[in-house]
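Alright, structures below, take your time with them.
What follows is a pair of complexes built around chain A, which joins chain B in one and chain C in the other.
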Partner chain A sequence: MAEPLPPGVSADRMAETLERFGQIVGKEWVFTGEQTASYHDPYPISNDDARYRAHAAVAPASVEQVQEIVKAANASGVPLWPVSRGKNFAYGGAAPVLSGSIVLDMSRMNRILEVNEKFGYALVEPGVSYFDLYNYLQANGLKLWLDVPDPGWGSVMGNALDHGVGYTPYGDHFMMQCGMEVVLANGDVVRTGMGAMPGNNTWQLFKYGFGPYVDGLFSQSNFGIVTKMGIWLMPEPAGYRPYMITFEREDDIAEVIEILRPLRLNNVIQNAATIRSLVLDAAISSTRSQYYSRTGPIPDSVARKIMADQDIGMWNFCGALYGPPPIIDALWTVIRDAFAKVPGAKFYFPEDRKRRPDILIHRAETMRGVPKLTEFNFLNWAGGGGHIGFSPVSPTTGTDALKQYRMVSGRVREYGFDYMGLLAIGFRELHHVTVIVYDKTNTDERRRLDECFNLLVKEAAAEGYGEYRTHIQYMDAIAGTYKWNDNALLKMHQTIKDALDPKGILAPGKSGIWPKHLRDGRQA
Partner chain B sequence: MKPIALTVSVAFLAATAAAADMTGKEVFDRHCVHCHGPGNEATGTLQLARTRGEDKALLTERDDLPAVYIQMIVRQGLKAMPAFVPSDLTDAQLKALTDYLTQ
Partner chain C sequence: MNRRLFVQASVTSLFIPNAMIAASADAPVPDGLAWSYFFFDERFAEARRLAGKLSGTTEPTPVQGDITAIWTGELGRASLAAPMTMKGVTTESFYFCLKILLADQAKVEAQVSRIDRDLYFWTIRTDNHFKGATTSWQNHSHLA
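The block that comes next holds the complex of A and B.
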C-alpha cells in the first residue's frame, strides 16, 4: 500500500518537504517507499494496516540539522514523530500515532559526549544504546555501572524519557536523569537546569537550576526534541549478591508485598527488585508447547509441572544486595528472616541454580547493569511473536497487589492468553506490568487482544489504577482516564502544546496530546 | 563542553560504531549476535533450534540462506524479530552482513 499522507498535507507539499529534508541531511538519509517498512510497528494490534504508518523517515546527524528540519516542518505543516532509536517495541516501536507523520529518526546522533567517573554520570545523544554505553565503560575500565531495562539495544535517553525502569538501585531512569538539551518546535535550542548558565559546571550534577523545573515536560510528551541528556551512573559497589526467593501459591503475593513494603521503604531492599509470575519466568527458557498443546490458558496442573521442572515458584522475587560484604551479610539476614515467614518460601543464590538457561543467572546480570536481549525469549512462548505491556500502578500493599493480580489475570485468561506479569517494586508503588504475548499474524487474536486491553484500561481506571506507559494505540484511552476536574491536566497539556508548538508538528497524539487543528472529536 | 580533568572525565567521545566501513562480522557482532549467537540464552538461536532443528540454529553455520532473504528479514522483521532501520544498519552494512553470512 502507498504510504499515507497526514491530514491537510498534499502529495506535492510532502514531496517538497522531503526534498528540503534531503538538502538538510543528505538524500541518503531520507527514507521513503519500501524503506519505511522497518519503521512500522513490529507488533501491531490494529487490523487496520492504514493506522500508525509513517509516510517516510529522516535521520539527522546534528542538532543543527534537527533545527533545520523542525523549521522546514513548521513551514510545510508536515508532522514529525521523533524517536531516539525506535526500539520501544512493546509500545509501538518507531511507528507514529498519526499516520502520515515523518519519523524523525535520531539513531545517527549516537555520541557519548562525556563520561565522568568521579561524579558518576554520562552525557549522551539520543542514538546511544545501552550496549554502546556499557561497551564504552568496559573498554575504558571505568568503575561505573549502568542501569538497564531488559532489552539492551534501546536508547539510554529514550527509555528514560518514556519513564522506563531497570533493576539496580538506579532503576528509576527518569529519576536518574540530570540536565537536557532540547530543540523546540520553533527551532530554538534550550538547555535545562544548570545548563542554562554559561560557564556552569554542574549541568549533570544538580537537576533543578533556578526557577521552574521543566525537564519532566519533555518526557512522554510532544513539547520538544531532546538532543542531549545527562544520566547518573552507579559507582561500582564493593560487593554484589543477587538472590531469588520463590513462593508457591498465587495468593502469597499479598503477604509478600506486605513484608516487602517496609524493607523497600527503609532501603533494606536496595534495588528496583521485581516479583515475577511463573509463566513469565518459564518463558525465558521454555515454550508453551513443551508443556501444553491445547488452546486457552494453561491449567493449574501444568503450572505445577513447570514449577517442579524449572525449580521456580508461582511468584519469583529477584533482588540484589550492593556494598561492603559485612553490610550485605547484615541486610541478607533481615531479608531472609522476613520472607521465611511465608510458608514454602525458598531462597537461592546463583550458585544454587544448575539449570541453563536459568532465571536467576539471567537476572544476576541485569541487576548489575549488563545489557542483554535474553528477555525476548518470552516472545516465543506461544510462537506468534507479538507482545504488549499493560502497566497500571498501585500502592505497595498486599491488598492492592492481590486485587490487581486477580483483575488482570482473570481478564487476560478469559480472553485466552496466559498471565505473564511482574511487579516492579518502587519505593512506594508497584508497576504491575503484564505482558500479553500474542500471535501477531492472527487477525482474530489481535481483535481479541484489542478488546481485552480496552477492557483492562477501563476496569483499572474504575478502581483508581492508572497506567504509567502505553502502546501508541492506547494513548488516547489512557490519557482519558487521567480526567480529574473535567480533564484539567490534559487541558493544561494542550495549553502548553499550543504555546510551544502552535502548528502541531511534533508528535501529534503522543500521550493523548493533540494539536489544536487535530483536536476536534477527541476528549477534552 | 565544560572543561573537566581528564582523570575523571572523557569528553566528546567518538561516535559509537557508526562507521560505514564495518565488516560483515562487525555488523553481526553489533546487531545480531545477542539473539543469533551461540549460548543458551540467545533468543533467535533457541527458536531456530526448536522450529528448524539444531543444525539450522546458528546463522553463521548455515549455507542455505539467500542474501535477498536475509535482507528482507532484516528490513521487515519476522515474527518476534523486529526490523532494523536503515539509519542504524545501513544498506552498505547490510550488504557486508549478507556477504558474511553467505560466504
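The block that comes next holds the complex of A and C.
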C-alpha cells in the first residue's frame, strides 16, 4: 500500500520536505517506500493496516541536524514522530500514532558522552542501547552496574523517558535520570537543571537546578526532543545474592503483598522486585502446546503440572540483595522469616535450581543489570508472537493486588487468553503488568484483544486504577481516564503543547496530547 | 555506526507442507555466500528432525528460544565482519530477535514460513555491510 500522508499535507509538500531533510542529513538517511517497513508496529492490534503507519523516516546524526529538521518541519507543517531506537515493541515500536508522520529516528546519535565512575553516572545520546552501555562498562573495567529492563536492545534514554522500570535498586529509570538537553519545536536547544548554568559541573549530580523542575515535561510527552540525558548508575556492590520465593495458591498474592509492603518501604527488600505469575515464568522455557493442546485458558490441572515440572509456584517472587555479606545475611534472615508465614512458601537461591533454562538463573542476571533478550521467549507461549502490556498501578496492599488480579485475569481468560502477569514493586505502589500474548497473524485474535483491552481500561478506571504506559493504539483511551475536574490535566498539557509547539509538528497524539488543529472531535 | 536498514520479509501461510520446506531449504545458495548457521530449537522434536534433514553440511546449532548468549557471545561480532546466510527452525521470537539485531548493522533479507503452532522455518541473508561499522560504545567521546 502507498505510504499515507498526514492530514492537510499534500504529496508535493511532503516531497519538498523530504528533499529538504535529505539536504540536512544526506539522502541516504531519508527512508521512504519499502524502506519504512522497519518502522511499522511489529505487534499490530488494529486490523486496519492504514493506521499507525509512517510516511517516511529521517535519521539525523547531530543536535544541529535535529534543529534544522524541526525548523523545516515547522515551515512545511509535516509532523515528526521521534524515536530513540524504536525498540519499544510492546507499545508500538517506532510506529507513530498519526499515520503519515515522519519518524525521526535518533539511533545514529549513539555516543556515550561521559561515564563518571566516581559519582556513578553516564551521559548518553538517544541511540545508546543497554547493550552498548553495558559493553562500555565491561570493556573499561568500570565498577558500575546498569539497571536494565527486560529487552537489552532498547534505548537507555528512551526507556527512562517512557517511565520504564528495571530490577535493581535503581529500577525506577526516570527517578535515576539527571539533566537533559532538549531541542524544542522551534529549534531552540535547552539544558535542564544545573545544565542551564554555563560552566557548571553538577549537571548529572543534582536534578533540580533553580526554578521549576521541567524534566518531567519531556517524558511520555510531545513537548520536545531529548538529545542528551544523564542517568545514574549503581556502584558495584560488595556482594550480591539473588533469590526466589514461590507460593502455591492464586489467593496467596494478598498475604504476600501485605508482608512485602513494610519490607520494601524500609528497604529490607532493596530492589525493584517482581512477583510473576505461573504462566509468565513457564513461558520463558516452554510453550503452551507442550502442556495443553485445546483452545481457551489452561485448566488448573495443567497449571499444577507446570508447577511440578518446572519447580515454580502459582506466584514467584524474584528479588536480590546487594551489599557487604553480613548485611545481606541479616536482610535475608528478615525476608525469609517474614515469608515463611505463608503456607507452602519455598525459598531458592540460584545454586538450588537444577533445570535449564530456569527462571531464577535468568532473573539473577537481570537483577544485576546484565542486558538480555530472554523475555522474548514468552511471546511464543501460544504461538504467533504478538504481545501487549496492560499496566494499571495500584497501592501496595493485598486487597488491591487480589482485586486487580481477579478483575484482569477474569477478563483475559474470558476472551480466551492465558493470564500472564507480574507485579513490579515500587516503594509504595504496584505496577500490575499483564502481558497478553496473541497470534499477530490472526485477525480474530486481534479483534478480541482490542475489545478485551478497551474493556480492561474502562473497568480499571472505574475502580480508580490508571495505566502508567500504553501502546500507541490506546493512548487516547488511557489519557481519557485521567479526567478529574473536567479533564484539567489534559487541558493543561494542551496549553503547554500549544505554547511550545504551536504548529503541532512533534508527535501528534502522543499520550493523548493532540495539537490544536487535530483536536476537534477528540476528548477535552 | 548503527543504521536502520530495510528488512525485507515475506511470510507464507500457516502450516506449510514439509515438502515445500525441503524444497526451500534445498534452493541454491547465492554466489559468495554459505550457510553461516543453521539454528534449531532443540526443545521440539520436529525442529530436531528438520535440522537433521535440512542442515546439509552446516553443523546445526541447538537453541532453546533465547538468542542472547549466541548474539553476545559470537554472532553479533561475526555478523559485523562479513555477509551471512542463516537458516533456522525455531520459535518466532528467536527469528524476530535475530532479524532485528542484524538489521541494526546490515541490510537484511528474510523469508519465513510457519510450520506449526510453535515453529517457523526461516532464512535470513545479510549484505552491504558498511566499512568501519562499529557498535556505538566504540564511538565514545567526552562532552565538549
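General remarks:
Following the convention adopted for this analysis, the second predicted complex is superposed on the first by the 524 of 524 C-alpha atoms of A that agree within 3 Å, B and C clash if a C-alpha of one lies under 4 Å from a C-alpha of the other, contacts with A are read in each partner's own complex, and residues count from 1 in each chain.
Here is the rule we go by: a contact is a pair of C-beta atoms (placed from the backbone, for glycine too) under 8 Å apart; a residue touches a chain by one contact, two chains touch by 3 or more.
Quantities reported herein were computed from a predicted structural model and do not represent experimental measurements.
Annotation: superposed three-chain arrangement on chain A; chain B versus chain C shows a clash. In the superposition on chain A, contact of A:119 is made with chain B only, not with chain C.
By the touch criterion stated above, A:372 is placed in contact with chain B and with chain C alike. Of the two partner chains, chain C is the only one that A:139 touches; chain B does not reach it. After overlaying the two complexes on the shared chain, residue contacts for A:62 are found with neither chain B nor chain C.
By the touch criterion stated above, A:487 is placed in contact with neither chain B nor chain C.
In the superposed pair of complexes, A:153 makes contact with chain B and with chain C alike.
Using the contact criterion defined above for the overlaid structures, shared-chain residue A:219 touches neither chain B nor chain C, since it reaches no partner.
Across the two superposed structures, the residue set of chain A contacted by chain B and also by chain C is 31, 34-35, 37-39, 42, 57, 59, 86-87, 105, 107-108, 110-114, 127-129, 131-132, 135-136, 152-153, 287, 356-357, 372-374, 376-377, 379-380, 383-385, 441.
Put simply, chain A touches chain C in their complex at residues 31, 34-35, 37-39, 42, 57, 59, 86-87, 105, 107-108, 110-114, 123, 127-129, 131-133, 135-136, 139, 152-153, 285-287, 289-290, 356-357, 372-374, 376-377, 379-380, 382-385, 441.
Across the interface of their complex, chain B is touched by residues 29, 31, 34-35, 37-40, 42-43, 57, 59, 85-87, 89, 93-94, 105, 107-108, 110-119, 127-129, 131-132, 135-136, 140, 152-153, 200-201, 203, 287, 356-357, 362, 372-374, 376-377, 379-380, 383-385, 440-441 of chain A.
By the touch criterion stated above, chain B contacts chain A in their complex at residues 1-4, 7-18, 30, 34-35, 40-41, 43, 46-47, 50, 75-88. The touching residues of chain C, when paired with chain A in their complex, are 1-9, 11, 14, 43, 64-68, 71-72, 91-93, 96-97, 100-101, 103-104, 114, 116-118, 135-137, 139-143.
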